[in-house]
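Read from first to last, the chains carry the letters A, B, C and D; within each, the first residue is number 1.
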Amino acid sequence: MSGDSQGYKVVLGVIGADCHAVGNRILTSVLTQGGIEVVNLGVMVSQDEFIDCARAEQAGAILVSSIYGHGELDCQDFRARCEERGLGDIVLYVGGNLVIGKQEFAAVEAQFRDMGFDRVFRPTVDLAEVIALLKSDIDQRRPAGLRNSRALPAERLSA
Amino acid sequence: MSGDSQGYKVVLGVIGADCHAVGNRILTSVLTQGGIEVVNLGVMVSQDEFIDCARAEQAGAILVSSIYGHGELDCQDFRARCEERGLGDIVLYVGGNLVIGKQEFAAVEAQFRDMGFDRVFRPTVDLAEVIALLKSDIDQRRPAGLRNSRALPAERLSA
Amino acid sequence: MTDLNNRRLDAAAFDAERGEVLQGWATGAGVCFADALRVQEALPVEKRFAVALAEADAQGHTLLQPRAGVALVREHVALLNGLSPYCDVLPTTIDAYTRHNRYAEAQEGIDRSRAAGTSLLNGFPAVNHGVEGCRRLVEALEKPVQVRHGTPDARLLAEITLAAGFSSFEGGGISYNIPYAKHVPLERSIRHWQYCDRLVGRFEEAGISINREPFGPLTGTLVPPFVSHVVAILEGLLALEQGVKCITLGYGQAGNVAQDIAALRSLRRLANHYFLNAGFTDYRLTTVFHQWMGGFPEDESQATAVICLGALVARQARATKIIVKTPHEASGVPTLEANQAGLKATRQMVNMISDQNRVDSPDIQMEIDVIEAEVHAVMREILRLGGGDVARGAVLAFAAGVMDVPFAPAKANLGKLTPVRDNHGAIRLFDVGNVPLPADVLAFHRDKIAERARAERRDPSFNMVVDDVRAISASKLVGRPA
Amino acid sequence: MTDLNNRRLDAAAFDAERGEVLQGWATGAGVCFADALRVQEALPVEKRFAVALAEADAQGHTLLQPRAGVALVREHVALLNGLSPYCDVLPTTIDAYTRHNRYAEAQEGIDRSRAAGTSLLNGFPAVNHGVEGCRRLVEALEKPVQVRHGTPDARLLAEITLAAGFSSFEGGGISYNIPYAKHVPLERSIRHWQYCDRLVGRFEEAGISINREPFGPLTGTLVPPFVSHVVAILEGLLALEQGVKCITLGYGQAGNVAQDIAALRSLRRLANHYFLNAGFTDYRLTTVFHQWMGGFPEDESQATAVICLGALVARQARATKIIVKTPHEASGVPTLEANQAGLKATRQMVNMISDQNRVDSPDIQMEIDVIEAEVHAVMREILRLGGGDVARGAVLAFAAGVMDVPFAPAKANLGKLTPVRDNHGAIRLFDVGNVPLPADVLAFHRDKIAERARAERRDPSFNMVVDDVRAISASKLVGRPA
């Protein structure tokens, strides 16, 4: 699937000074098994590293994780930075514990959507759901000529 | 101390259809060691049984326990009933889990004070505090001639 | 006690008695045994208590059950359906007036609850709601539902609830008298529970299995395991004699982990021993563990810790069912949310312990040995007093203080036996009263209490007991001097 | 690694290095060792971490410590004073920018937090607040306070906080690199932590005991006990060499009760063995147990159950200190109230278990035997690689994968070792990587994993590991297929 022009390639990483590596390993494993090609930048990734990599790899989406609570600071102006660098249309997801303290998820979601993220996830989100959304969103953003009439059915996660 | 004209004699019981006997045993033991003569009616005591006993024993106070949540029904008109029976001035305490469900204690206290109880206690009240209040309240209500100028110092609970 | 004995009730006499029982309140007229059988037969398998227990027992699962009951049918349905996703089997806790057959006061509670818009009763007055009201309840639920109460004379309650599709009935002639009544003679409550058991026996004979659960924790306060075990075994034998087949014996958490695990393990073994010895083979035995029944801390986080310890021990001891407490325990009847919280914490703990190694240790084995020696000694004397008849033996044993439940309100109970914790928090006997325990067992209790007394530099006394009763709510297991 | 070795830093070189360190940020100019000694000497006894630990150790108590840190001094004081009544020793958790010496970004976080009226940093930026800000903090508290962070180069942080009256400092050259950094060479972080340890040694030489606590849980996710034990022993040896005297070694709850008790018991024994073997006798060793460091359930009642299991195990294993989690764990930094709730639940559980029988079983003994065999095998190879020098040995061992921490972000870590739970939830090795464990130990791991694989009817694979990582937050210990 990977490398195929109709494939799904994403750049994954943990943003900022955050060194939580466990979820990153799990995500890589589950996304890959779900039929998504993952370019994993690991932990402590800057906005520019995400964007440089997404450009170089012609990725369909950037998946930003933040577990340590500084998401609000680290993700500031991410979409604007993408636009400056010519990636204005890329699918942009963010997930994790994005703010300091327990806050209503709806408020956090609204805040990060305002920053330009297409979707915002809790740390306990069902990853099968993320995979399905990711494929559909990437398909929607493909240049018209390359766009699938229907998204490919999501590969089943192996039991 | 008990039997002394300046002594402190109280009638104790668990009201209504309530059969919680443990707290009643504990209260009897602690009050007695605190220098209070306890006439213990045990569990499942009616309003009239409390009042009959308090009259017969010339007790200075009635201590009503209710643990099972029916206190609101069982204690209805207790003070009025005391007044009818010529015990209008008796010190009337109530304590326990007095209502169904967890409610603000201040609201429960107000409700039972409205019913004519002089003091209202949580189940976790410090019993040394109850003893001190009880002696002071009984002294206050004594006929003037019998009243102590100062309440006797509370006997210490044995360690 | 002229005519009490442990023999199956005569069919004709039972039918005559039934006529009287059903006249106890207007709703009794709505009971018809043939209809009751049809209602029970029509119950889908997922609403049958005996099936849920048998499956849990076979698969080594532990079922969770809350307590809950409010005055009105509609509100009670809503409450149980709010709990249902978080538990495995449902309760219906009966209000205190109904427990004392004070149906007129229960009716007043219903009426005033309707007027107040909130339940002023501490449970569901099933007799007043009658077969029709109870059927509406059972039909609105998706899980098996049990009657939980504390009723010395529960004959009418049993008739009505079992006719309505309840498939489990808690209680017994001893366990619902000694901790729950003041003036009821023991021979009378045992006789009334023979009726309830015989009623269940008739359902069994018609192919309908109804679960019966003697109430394990008794007064819930420093009850030595042998005391509740003897009651459980006696009520099991009484029930089996009347034709009951599906029995769940209970035990209330005492607090010391080794003693609690030992108690639950020994309960099953001892019960099987006495049931088989009495010639019963065709029964299904399961166990229920009650989370801490004594005073709780007011703080909800602390209360949750008490709940979690109970959940851990119950699962380590492989109880078939846990009766779950709530973080509101210190404040009485909990809200739906508090009840859910207790269930969720319990579920998490049970799940985390489920797969883990079986817990065993010399301490647990020692406690099992002590409990077994105690139960055998008391059972031997009960059988001797009754001339081999456990019904007569039980009555004579309580009268003589051979059996004695601490902190019980009943006049039928001598109240001399006094428990206290030892230095590790296990329950020992400060005063054995008239209970005929062997000399070596008494010496063991004495030594254990002496060890604590030395550690606390005070003589054993009732003050120690008072401190122990108040300890858990003050965040300790053993009530030490400040 | 030309000049790294496990020898006490030379006094002159240390002083020269100090000059550079203090220039790392403007606030470094506020550090003066003579003043620092006066500040520490003036600390009342109840604010000295080493005293609190020694007393707990002597009396067999277990201390509770939360985590907490916010951006501004006044708010941080209020937070700690809100926690103080519920705990025994206080923390100051440092923000993530400071941990990476990104003081400019920390300053921006401070400024933006001031503007926002709420902390936008996940901890207290102690370097930016300087000696003066930190002293205001320490003076406003009534209990000992420790620096808790995750900083590969913590030299300036140590200088500032110890000068301000903090009396305990968490971390180490391995435990604050491998799980906390990406590109920091191990020889560099070990060397920087020799500086921190030497600084503590200088305080000790002046009669001021500062507690040092290597970070036990590492990545907090399925870390086999021998892995964290080896790191703890190495960092203990490195610290002792620099003159540290008061050491607290840590372990993070893995979930299986028998394995966790075995781990904590073996940790103390193994550390004493290696410390004494290396010629150290004048030290005070205590232990710290971290409640579950992996993913938590979102539900607060379920989270509290996870906290309670940790509290029980910590107390059963007689840890000197517990690092306490909160019911908000799944949502990141907790509120004051959530932090209090975690402490209250933990206290209640610890108190209930405190007096109970020592837990022992063949399972626990077997786990101890396995852990000891594993630690000895790895330590032997580390000492061989380093030619007897643990600093050089540690660097070479990580490079070769002889030591390997699962799920670590650091490039310095090979990342081949892969753990998985066995059928009872104990952590075993699915892939040992290059770690030189004895053949019988490897066979034991293989058999245990095979037992689980049979029970689940699936082959062992990384999917099993993924399921295990997500299990506790999904209310299970072992990640079984649905």
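Keep this in mind: a contact is a pair of C-beta atoms (placed from the backbone, for glycine too) under 8 Å apart; a residue touches a chain by one contact, two chains touch by 3 or more.
Just so it is clear, the model here is predicted, and its values are computed rather than measured.
The chains that touch chain A as well as chain D do not exist here; no chain meets both. Rounded to a whole number, the gap between the C-alpha centres of chain B and chain C is 31 angstrom.
Inter-chain centre distance (chain A to chain B, centres taken as mean C-alpha positions): 67 Å. Averaging Cα coordinates per chain places chain A and chain C 54 Å apart. One finds 46 Å separating the Cα centroids of chain C and chain D. The set of chain A residues that touch two or more partner chains is empty.
Every pair of chains meeting the touch criterion is listed here: A-D, B-C, C-D. Interface of chain C with chain B (complex): residues 95-97, 99-100, 102, 105, 108-109, 112, 118-122, 150, 179-182, 219-221, 294-295, 298, 328, 330-335, 338, 407-409, 458, 462-463, 466, 469-470, 473, 481-482.
Across the interface of their complex, chain C is touched by residues 16-22, 24-26, 29-30, 33, 42-44, 67-70, 72-73, 97, 99-103, 122-124, 158-159 of chain B. On chain C, the positions that touch chain D within their shared complex are 255-258, 297, 299-302, 304-306, 308-309, 311-312, 327, 340-342, 344-349, 351-357, 359-363, 423-425, 472, 475-478.
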